[in-house]
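You will see chain A twice below: alongside chain B first, and alongside chain C after that.
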Partner chain A sequence: MENKKKPEKFTLLFQHWKKYKNKILLTNDFGGNVEIPGEEFESICSKDCSLAVSDIPQELLDKGFAAEMIDPEKHSLSWVKRHCNVMMAPVLHIMVMTGRCNMQCVYCQAGSPGKQDKVLDMSLETAKKAVDFAFNTSSPVLNFEFQGGEPLLNWKVLADTVEYIREKEKKSARTVSISLISNFILMDEQKADFLLKNEITLCTSLDGPEYVHSKNRHSENDISYGTVRRWLKYFKERHDNQKGNSYRIFKPGAIVTVTKNSIGHAKEIVDEYVSAGLESIYLRPVSKIGYAGRNWNTIGITPAEYLDFYSEALKHIIELNKKGVTISEQACIIFCSKIFDAGNGGNYDVDSPCGAGTGQIAYNYDGSIYTCDEGRMLAMEGDDIFRIGSVDDPVEKVLTADAVRACKCASELNAQAMCSRCAYMPYCGTCPVFNYATQGSFAGDMANNMRCAVNRGQIDFILELLKEKDNEAILKKWITGSY
Partner chain B sequence: MASEIIEKKIFFASSVYSAEAVDMAAFILEDKVDFVIERKDNGMEVTFNQFSENEPEIFANEVLNQQCRIDVSKVSSGLTKLIVSKALISAIGGGKRE
Partner chain C sequence: MNKKIIVSLSENTAEAVRYAAYVCTDDFWVQIQPSGNNALEVIFSSKKDKNINQVEKRFTEELADEKIREKSRMQNIATSEMIIRNAISRFNPSFVHDEQPALSAEQEQELDDLIAEVEKELQDEMNSSRNNDPMHITQTWEEVNRNGK
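Our next item is the complex of A and B:
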């Protein structure tokens, strides 16, 4: 571009725009975003397609809105960064070690039937086949995520599978990471030592202070909150005192599921995470899938309720950051990564197309493979439309199964009626499983879609926050710190 | 006492709504709404029997949603096919193995 003579006239390309208060927000497929006054937008639109440089705000020229100023290499790289799951084989391999659970959470999408029935456990043979399947895919990076039900209920198989993975890793050129999602109720020192020595990242659910957490997550004798806090403290101390170890210990993490029980306690939930020594929080709204759908009258929230909660929580998190407290919010990181051209935020369902079957796959305890964990959860409710094969099937057959193709087509936002012209399309994504479960079709109906309303509201709020330089610096630091 | 049958008809003109859009809406809502579709020369007539609340409006909304999707895909299908194909080819990695 440097050696070319600068054009005298420009052709402006307005791909997506939105009227926001008295301004117009313009975005393009390269992720560029510019806000201009409404009158200026109308003035530009009233002229011919070809405009003189004096008629155009410089920011529009700088951010890829003029056809003559598009740098194919730079701008295509920007697109690829935000949609990197289009360019890769599955990275995330979710291993559901058991359908059993020792808790009865009010929203449990796993639909866990209780801890008695061992026929719901993954056998070692099936687990090894799933690991072999994962190593037969071609991604140079593999992330195994053990979950359930409660995976510690199938401890022997889990431990043997971890050792199998590490053996295969030594003979391969892959970068392998392993994580475990657990309620920690069955955790003990012996298990903790094994997990840490095998460099497993631990993650749990902490829905807030005890009076919120216990309403969402029911356990025998109500031990869940105390157990989670105790083990988070343990793992954090092990992380902080790991000098001299021959193995790496990663910081433990936790996530929140926001339900009706959470509303009105946004600040307290954030403060709970800070007091637990956690540096990241992920404020996910409860999803109307599976068990949560049946319990919706008790726990469900509207997009408006969630967005009020989210904005209060995020404002509080920003204020804590200004006082020097290290705490970031994961949904904000996902959107800001795309807004700041730093990647796709590492999430597979806020992407176009979504990562179902290509960025991630889920192996059920019986060896069935699903497009994603949500697709698997729907199968547990009796609908296996998102089943794409089994651990005995060839990789190519599974990864190009009908459900994978359908998810890709349905979540490619250029083909979505509302999304294709939405100002937030470059930063957003839709989930075919959620759309199918709540609206009856993979593509859904965005005008009435809860996730669409939530995503739009979150991006609205984040873009508003970014108008202040202090806030922008904090959010940029979260991205650099995370990726 | 004779029960009263409430009936409502909506006509989807083929100049605006394709048969595919009406059929898709019917498929999505067949478990939730009671209706009968009759194909006519210039469109599709949908008769709703014993409906409650706003079921005919929900059906019409879904037809509109599907038609919008069909109209958009006429413009964007080339791009969508390119992206989806790339995603699927990348997923199978060109047969790379350890």
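Our next item is the complex of A and C:
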């Protein structure tokens, strides 16, 4: 770029922009964003977006808004980084070891039918076929995620499948990682030891202090909160004292689902994570799907309520960082990765098009394959529309199934009436399963879509935060992981 | 209560009208239909308790913004598409793992059959040698005891 001779005039590229507070926010497909006064914007528009060198603000040149200064190589690579989920076969392979669950959370999207019915367990034969299927795709990186229901209810098959994956890994050149999402109720030292020795990343749900967590996550004898805290402590201690081990122990993780029960407790929820020794928190609003949808009057929240909660929590997290506490917020990382042009934040939900059937696929206990975990959850409610095949089908047939294609078309934001006009399009994404479940179509109706309102509000808030250099430095640290 | 707005197609494209109207669908129902030779009639009705009189100002502003977007899109489209084409041409997405299995399904079956045949022969040989060894002298303690003998 340095060698290019500067032309006398520049043509500005600004397809995405929004007006607010007498200013205009311009964004581009490479993450760049610039705020300019409204009058300046009008002046640019009146000159057919073509400006003399002397009239153009340097920031617009630096952030890729001048067509004549575009570096095709650099900008193409930037595009690939943020759309990598459509450029390769699925990385995330979600294996539903059982449809059974030993808890009854108020926001369950899958409507798990209790812990009795063993026909809902994945057999070892099916699990092996699912693993073979994953290894038959072309992805150089495979991340197996064991889920449920509660996956520990089908422990024997889970453990045998882990060994099968590690065996296959030895004979392949893939980079393989395994994670387990569990409520930890059935965890014991023997299982924990096996999981850690197999380098499995562990993740659970912690919704906040006991008075919030227990309202959301119901378990027999109300043991969930104590169990989660005890095992998080155990896994953190094992992580911190792993010197001399022949295997790596990863930090445990947890996620929060924000319901009506969480409103008013944003700071306490963040503090709970800090006191549990967790260094990352992932805040997500409850989705009106499945059992949660039927329970909406009790637990549902509006986008405005969620955004108030989120901004209070994020402000508190930033303040903690300024005091030297190590804690980051995952949703913010996803958006900031795109704002700072650092890829897609490793997330398939907030992507254009979304990662359904390309970035991820989900294998249900019976061997059916779905576009994603949300699509599989909808199937547990009786709607199989996101089913794309089975473990017995050829890879090509599954990954090019109608539902995959429909998800790509519906979640490509350039094809969305409102999104294609939105200043936040380069940072955002839409979920066809959420749209279908809440609004009746894969594409949805963004003018009335809860997730769209939440995403817009979150990005508003994050861009506001980024105006302060201190905040920017903290958020950049989260992206690079350089605490 | 409805609000009808006539939009000239000599000054606006139908696309711009559609996009501008769509933005208003959070608070209003919208119907767009032809009006005479070269115009569209956009009919708004309130969804909730929104004041229908507010819609004209909002729609007019959105339409003005749309005209700017259309113009900038025309200027940007070639550059954007060039970048995306360049990006896609760097990759050749392939869904199936490149490594071909060393054996075809038939060859694998043939190999399995062969192994099974050899295993059977070995087993037979062992059994016959056992028949010649009624005291199990050739067997280890573990083998004898594992078989409950």
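Keep in mind that, in the parts below, the second predicted complex is superposed on the first by the 475 of 483 C-alpha atoms of A that agree within 3 Å, B and C clash if a C-alpha of one lies under 4 Å from a C-alpha of the other, contacts with A are read in each partner's own complex, and residues count from 1 in each chain.
Just so it is clear, contacts are C-beta pairs under 8 Å (C-beta built on N, C-alpha and C of every residue); 3 or more make two chains touch, one makes a residue touch a chain.
Quantities reported herein were computed from a predicted structural model and do not represent experimental measurements.
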Touching partner for A:Met87 - first (chain B), second (chain C), both, neither:
both
Looking at the overlay, does A:Ser390 come into contact with chain B only (first), chain C only (second), both, or neither?
neither
Touch test for A:Cys45: chain B only (first), chain C only (second), both, or neither?
second
For A:Ala443, select first, second, both or neither according to whether it touches chain B, chain C, the two together, or no partner.
first
Which of the two partners, first being chain B and second being chain C, lies in contact with A:Gly357: first, second, both, or neither?
first
Now for A:Gln104: first (chain B), second (chain C), both, or neither, which partner does it touch?
neither
With the two complexes superposed on chain A, say which partner A:Pro72 touches: chain B (first), chain C (second), both, or neither.
second
Taking the superposition as given, does A:Thr11 touch the first partner, chain B, the second, chain C, both, or neither?
second
Which of the two partners, first being chain B and second being chain C, lies in contact with A:Ser177: first, second, both, or neither?
neither
Which parts of chain A are in contact with chain B and also with chain C?
83, 86-89, 135-138, 172, 395-396, 399-400, 417-418, 445, 447-448
Using the touch definition from the top, list the residues of chain A that touch chain B in their complex.
83, 85-90, 135-139, 171-174, 353, 357-358, 395-396, 399-400, 404-405, 408-409, 412, 414-418, 420, 439-441, 443, 445, 447-448
Touching residues (chain side chain B, partner chain A) in the complex
24, 28-29, 32, 61-62, 65, 68-69, 71-73, 76-77, 79-80, 83-84, 86-88, 90-98
Give every residue of chain A touching chain C within the complex, in rising order.
11-15, 19, 29, 45, 48-49, 67, 70, 72-73, 75-77, 79-80, 83, 86-89, 135-138, 172, 395-396, 399-400, 417-418, 421, 445, 447-448
Considering the complex alone, what residue numbers of chain C touch chain A?
18-19, 22-26, 65-66, 68-69, 71-73, 75-76, 79-80, 82-84, 86-88, 90-91, 93-99
